[in-house]
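The block underneath contains the structure these notes are about, expressed in structure tokens.
The first chain written gets the first letter, and so on, giving A, B, C and D; residue counts start at 1 in each chain.
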Amino acid sequence: MADFQESETLRMETFSDGVFAIDITLLTFQLKTPSLRAATSNQSLALALFHQWPNYIAYFISFTTIFIIWLNHHRMYNVIQRSDVRFMFYNGLLLLLVSIIPFTTSLLADYINTPAHSLSAALYMFLFAGISGVLFVMWNYATANYRLLKRPAGDVRIQSIRTSHLVSVITYTFAAVVSFLLPFLSILVGLVMVVYLSQLKYHRNKVV
Amino acid sequence: MADFQESETLRMETFSDGVFAIDITLLTFQLKTPSLRAATSNQSLALALFHQWPNYIAYFISFTTIFIIWLNHHRMYNVIQRSDVRFMFYNGLLLLLVSIIPFTTSLLADYINTPAHSLSAALYMFLFAGISGVLFVMWNYATANYRLLKRPAGDVRIQSIRTSHLVSVITYTFAAVVSFLLPFLSILVGLVMVVYLSQLKYHRNKVV
Amino acid sequence: MADFQESETLRMETFSDGVFAIDITLLTFQLKTPSLRAATSNQSLALALFHQWPNYIAYFISFTTIFIIWLNHHRMYNVIQRSDVRFMFYNGLLLLLVSIIPFTTSLLADYINTPAHSLSAALYMFLFAGISGVLFVMWNYATANYRLLKRPAGDVRIQSIRTSHLVSVITYTFAAVVSFLLPFLSILVGLVMVVYLSQLKYHRNKVV
Amino acid sequence: MADFQESETLRMETFSDGVFAIDITLLTFQLKTPSLRAATSNQSLALALFHQWPNYIAYFISFTTIFIIWLNHHRMYNVIQRSDVRFMFYNGLLLLLVSIIPFTTSLLADYINTPAHSLSAALYMFLFAGISGVLFVMWNYATANYRLLKRPAGDVRIQSIRTSHLVSVITYTFAAVVSFLLPFLSILVGLVMVVYLSQLKYHRNKVV
């Protein structure tokens, strides 16, 4: 049988948690101390810090988005009992993409104020679309014929979660495309999606 | 029901522990090797290292403060049995703010010896005030009507902890404001608060 | 008796997991934001990003390889019940070598496009050969006379895993040597080995 | 009562494990890719890498020493059942000092080849002496009147471990002082101590 035991599914979840926790903390490197020459008084330091506003916004959106992805990953594993080799590789792909978030965050923060803002915003949104796509595929695979679900699986809101992941893919892809016209819309979409994705209910009886 | 199960509260706690452990270790980047040109003998290396004293002090205060925040976070979760979506978002906000500590630590270390010292000290203290504020709100939310507490909840020192968090918010905010007159006072307040916060007793019967 | 208890074997495994998770996430530092001067428009940013293709390929191979090493480490511990001092030191050596992967990855990404490509590719492959060698030694030590195996040990595919690790050592060493003629072959070998190593079955009754 | 419950002692141990795992992995930053200008052929890259030998040695000693400290920390917690506030602060101090190892490692690697080698080697050894001192104090505190020990505590080799930690403090302090005459002796002492400390037996009946 190609199933993992429950304890092994747990271990993959723990490993994933570690990667999520490190990625969310590595975002800290977005916050850079202004160079000493730029700040010779409280006023000039305040100004130098103020000019870093794209970094703060990018930090905030990426932090909350990784937190929400972690939360949904956790909620998904909550209703899953087993795992198999293919599901584990989907999970590896998810971690690989999540680990790229600090890179696209850095791109967005550095370029949102330059003529290259459209591309940086588009890549930022496109990565989120890809991550949502992997979550969509993982969910479809786990729930087809209740393949990997805990019993009683009937309580799991399979269809509503499926739709939510699909909505995420479409919204992020749309934001990526629109970035070439309105780069700042991406930032707004990023914030709205955090609120939307935090509301997903995986289970009929409890909100987790 | 909007409650988390106990095991899920545990998982949020484990994730938080990971973020705390990484943040406390990232402080290490405050300690920088002096550039090779600055040190051509044991004496010049000693001097170059000595000139980094603001980094050592900032490292020490931030390390002990994060350790104490972790400890109080842990003590809070010790008397909590359940969790809900709102409490979890408070916890996410706490982690976001704690992850900024390496940034304000770096600011303090770089600017405490420059004319911009007041602003760097004020921001350093203000972040600690914000973190204390979130802990205050979390504690109020968890203990209102014994909402998330373990039974028997009567033993929990609700009011005394509440006061302590309020004292923290006020002291740190006061230190942030006073930084504009006496920047070095912040450092002293930071040290005193570590001792104060390490003494909090959450439970009548045992000190944890 | 020189054996570890089962719970202590678990703790070594958890510590190893932490190191694997951090190493796999530190690979993110391969992905560097192009300098602002290099990109004054969407086109020039796209070009600057495109020129970093060796970084993306090196990131991808290293990420998947660490993931696969973690997976095989996990599968090995799954069939092991005990541990002793010598096995623990083999494990420490494994972690030391895995922690060097971000360094050789960085070497490969920086030099694959320069006249020094052969050496960087050879070192990259040679480290993987060394890691496979340690896994081979660990497996031999654990399975000799079923020394550290869980019962019933008869179900463990001792010989087939042994062969697989030996194949890995030989293939990676071969790729390291051939790098001096065909440096890009290493990249191909790295990709093929990820697929090969993901297929290993440690146990007759289940695929884990 | 001022004791921690067993589960809380476990949580402090898990937090410490996280800090150890991150510190040991951050040592990777000692291994730096030579700058592209330094290497225009396989030969020049090989030479540039060879010139980094102090980094490799410093990496090796620090990695194995942190591993051994972790191991002894783990062995100590194995025979400890309870914890109290003071023991926890000793543990916090231990983590603070261990987190400085990447800094002194970097100092050693950068300066062992310069006229400032004595000071860098002395600081490197002195930090290890300090860490051994904290382990000595922790052990004395935990074992006085069997204060924090698991039952049956009679099997614990209290005196022999106590002596070993004392030997460590003296040896490392001696090496720190001698560094001003023979800086390279530190490196040798560092290697010998790893072997010595890996042999400590905390318990009469089993080697853990």
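In this section, contacts are C-beta pairs under 8 Å (C-beta built on N, C-alpha and C of every residue); 3 or more make two chains touch, one makes a residue touch a chain.
Because the structure is predicted, anything quoted here is derived from the model rather than measured.
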Proportion of interface numbers common to chain A and chain C (over half same, under half different): different
Inter-centroid spacing, chain C versus chain A (mean Cα positions, whole Å): 26
CA centroid of chain B to CA centroid of chain C, Å: 37
Per-residue multi-chain contacts in chain C, two or more chains: 18, 22
Complete list of chain pairs which touch one another: A-B, A-C, B-D, C-D
Residues of chain C touching chain D in the complex: 1-5, 8, 11, 14-15, 18-19, 22-23, 26, 84-85, 88-89, 92, 95-96, 99-100, 102-103, 106-107, 110-111, 114-116, 118-120, 180
Footprint of chain A on chain C - complex, ascending: 17-18, 20-22, 24-25, 27-28, 31, 33, 36, 39-42, 44-46, 60, 63-64, 67, 70-71, 74, 78, 198, 205-208
